[in-house]
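Have a look at the structure below before the remarks.
All chains are identified by letter, namely A, B and C, in their written order; residue positions are counted from 1 within each chain.
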Amino acid sequence: MTQRKLGDVILDVKNISLAFGGVKALTDISFDVREHEIRAIIGPNGAGKSSMLNCINGVYTPQHGTITFRGQTFDHMNSRQVAEMGVARTFQNLALFKGMSVLDNIMTGRNLKIRSNILLQALRIGPAQREEIRHREFVEHIIDFLEIQAHRKTPVGQLPYGLQKRVDLGRALAMEPQVLLLDEPMAGMNVEEKQDMCRFVLDINDEFGTTVVLIEHDMGVVMDISDRVVVLDYGKKIGDGTPDAVRNNEEVIRAYLGTGH
Amino acid sequence: MAFFLETLLNGLMAGMLYSLVALGFVLIFKASGVFNFAQGAMVLFAALAMARFAEWVPQWTGIESLWLANTAAFVLAGAVMFVVAWLVERLVLRHLVNQEAATLLMATLGITYFMEGLGQTLFGSDIYKIDIGMPKDPIFAFETVFEGGVLINQEDLIAAAIAAVLVAGLSLFFQKTATGRALRAVADDHQAAQSIGIPLNRIWVIVWCVAGVVALVAGMIWGSKLGVQFSLATVALRALPVIILGGLTSVPGAIIGGLIIGVGEKLSEVYLGPFVGGGIEIWFAYMLALVFLLFRPQGLFGEKIIDRV
Amino acid sequence: MFYRENGQFKTSYAADQQILPIAQDRWAILALLVFAFVGVPLLADEYLFRAIFIPFLILALAAVGVNILVGYCGQISLGSGAFMAVGAYAAYNTFVRIDGMPLLVALLSGGFFATLVGIFFGIPSLRVKGLYLAVATLAAQFFCDWAFLRIGWFTHGNPSGSVSVSNLQVFGLPVESPLQKYIFCLALLVLFALLAKNLVRSAVGREWMAIRDMDVAAAVIGIRPMYAKLSAFAVSSFIVGVAGALWGFVHLGAWEPAAFSVDRSFQLLFMVIIGGMGSIMGSFFGAAFIVVLPIVLNQLLPALGSVVGVEISTAAISHAEFMVFGALIVWFLIVEPHGLAKLWSIGKQKLRLWPFPH
């Protein structure tokens, strides 16, 4: 594991509680994320990991608790604001835009940075045309990075699952995020694909200093690449620390392996 | 005051008719999640069938009695609606099982047009009468309370009674019979119902059959009141606001929504109409629905619409 | 072997992004435009202009507008007839009430007012979708039906809501004969189609499609659903409004609210479904289909009937029309939800391989 210079706390989650009707998805969750680190969130299925990311993104509004991003505290997040602040994410179930090509999907990630208004875009002259080309160049860098050049014009619905996951990542990267929330980016992949994805995540963290919050089930990956780990179970936090510390935590072992009867 | 009461009662009666049509929508939506835009066309189709069979049965069999001819016509029309239900499931629904709601909605739009064309090709496009022996003269009620009494249409009264019987019958069917239980299960969760062995395709045919019968009753009553003609198909458009108000998944909602719309239309026409040029019945229901859509899209009794990520 | 991209390398993003990247396509479209502007006027007679070409051009324009809203942005609308009506009556009022108002400005003003109405009735799309949104747009339809019939100001006090215009001219050139009307509509259609195509392949178009495909993910990327949906309503209504104004001014000359009834809304929606949702070219296909089909049926059915010895009345033909439309809608939705446009592109794919089978 490379020694990364970790910065100050960039994201601070305090006492988040989320319930849907009678179902308590999250109960009093608190943890922090330091800049430039790779923070993993692990836990059995249904522990509330995706719900946690959804709260950070503004998809769900928690009933209690606050989220502090770079010193600014919010009790609920607005999706657009979060995106503008530089937080991007991928989805567990691949929320790709099925009707568009790979190129167009990743281009949507540039949306926040596009300045020309509707009229200019309709006429497609001068500034609008130049801007479109500039963003296309940026997106092509991402396509190169993710090694999906051959598929750029293919409708995403036709791609195999592993490639779709890369497009999802590419779309998040197009936002030039400071914090990247990855929801099970390696689910359903074979060993080679996982290695590729790990390489991408590490490269992103290395080259751009992007903070990564990563939900993942593969313990090998988690132990290998993350700096710190949060463990959730049934919506509660049961572990928080370095991978080694968490690995030896009794409660964590119990949650994953069950207790003997 | 008597005039107000009259308008109110007329509104309630009209509302009852809307409720009948709305009921068909709600039934199909509850059981299959398909919004059946073709319900109006089904009303027209059923009414046409009934009207023509009532004419033809005496010609074919020489039966003289009005009652017998009408009953036979009703049964025949019902059979036709069963065939329609079966065909719709077989030819259309089965192939669109996993498509999104918008696609299914547009498919039912296509079915609407097709049925309108087919109905008129098979049964003719003149104006036909349905005569089921409804008394056409109005009566004066409450003569002791109000001077001169309140004018009520007997036909509407009987129509309301028939509708009430139909709703009671349907409620009993849903609550007490095994098929009714199966229908409720399917409405709740298709996959779960399938996994306990409920045959989805057959259920949908049944649902469309029931909706067809409801359409037939609605068509019979509307047709008796207004005559059977092409404009009957637009009755579907009149009933849409009813289900928005009542909630797409609620049978009591369809009834209450219909009554509210019926009363609202009549009252607004009489009391608001003169100020804005009249003829506001045409959009009153829709504007009311629009308000609901902005503030309470699930209607008065519907389930909250939740979007899961 | 003719339709190949071999040797056509793109060396700049601009070249890669153009509307017609394949050279053969460019030639084909050029030829089509030449034929449309020059060939048709030489070959067609008055009847063809009046009955087929002019309605086709105007309805194609309206279909482009509806496609933007329904096909690209995924918002169901059954109120397009109302937006056409707003365009027509607004243009009428600007034209008639303001002295010396140029025709083009009046038409565009029709589009402008249609935009305002479109945005207003588009507000429910921020809360509901699918069937519920369809009901909201129907509210627009019925309200406008009533408004143009009963509110005297819109129609200069005419009790039946009917109005008429005459003496149309653009930059001093008259727009009176069928040929002149055809060229006028053709020019406007080409212009608007180009603008629309630019929009749908740029950032705004991607926003629309993102909202259509997965609005939650779109929000997370930073797309504002409100802006995207309302802009779709705005642009769509503008185009539909201009088409409505053209329909009244150029095609009908004199009209009443019934020309823009809910049947018109359905007709436009069918054009978009059959032609191909989310495809500018599809709007053209759909419009052509819907304009030409009744005429074909009108000729074909009596001919078929006489072969079999059965007399087919005009009423029967109109019923047959209904049945054919309905059946086609269902058929397309089952077999090829992306409509004629998709069939066309499949055909082109086969053409690329020709004469090889695969």
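One rule holds in what follows: a residue touches a chain if its C-beta (ideal position, glycine included) is under 8 Å from a C-beta of that chain, and two chains touch if they have at least 3 such contacts.
Keep in mind that what you see is a predicted model, and the values were worked out from it rather than measured.
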{"item": "Farthest-lying chain, centroid of Cα atoms versus that of chain A", "value": "B"}
{"item": "Most centrally placed chain - per-chain CA mean versus overall CA mean", "value": "C"}
{"item": "Mean-CA-position distance for chain C and chain B (Å)", "value": "33"}
{"item": "For chain A paired with chain B, centre-to-centre distance based on mean C-alpha positions, whole Å", "value": "50"}
{"item": "Whole-Å separation of chain centres (CA-atom averages), chain A against chain C", "value": "41"}
{"item": "Touching two or more other chains - residue numbers and ranges from chain A", "value": "59, 91, 95"}
{"item": "Multi-chain contact residues (two or more partners), chain B", "value": "309"}
{"item": "Set of chain C residues in contact with two or more other chains", "value": "216"}
{"item": "Residue ranges of chain C touching chain B (in the complex, touch as defined)", "value": "74, 76, 123-124, 127-128, 130-132, 134-136, 138-139, 142-143, 145-146, 149-152, 216, 262, 266, 269-270, 273, 315-316, 319-330, 333-334, 337"}
{"item": "For the chain B and chain C complex, residues of the former touching the latter", "value": "35, 91-92, 95-96, 99, 101-103, 105-107, 109-118, 120-121, 125, 237, 240-241, 244, 248, 276-280, 282-283, 286-287, 289-290, 293-294, 297, 305, 307, 309"}
{"item": "Complex interface listing, chain C residues touching chain A", "value": "13-14, 17, 195-196, 198-199, 202-204, 206-207, 209-210, 212-214, 216-224, 231, 235, 278"}
{"item": "Complex contact set, residues of chain A against chain C", "value": "57-59, 79-80, 82-84, 88-89, 91, 95-100, 104, 107-112, 114, 116, 118, 121-124, 128-129, 132-133, 136-137, 140, 171, 175"}
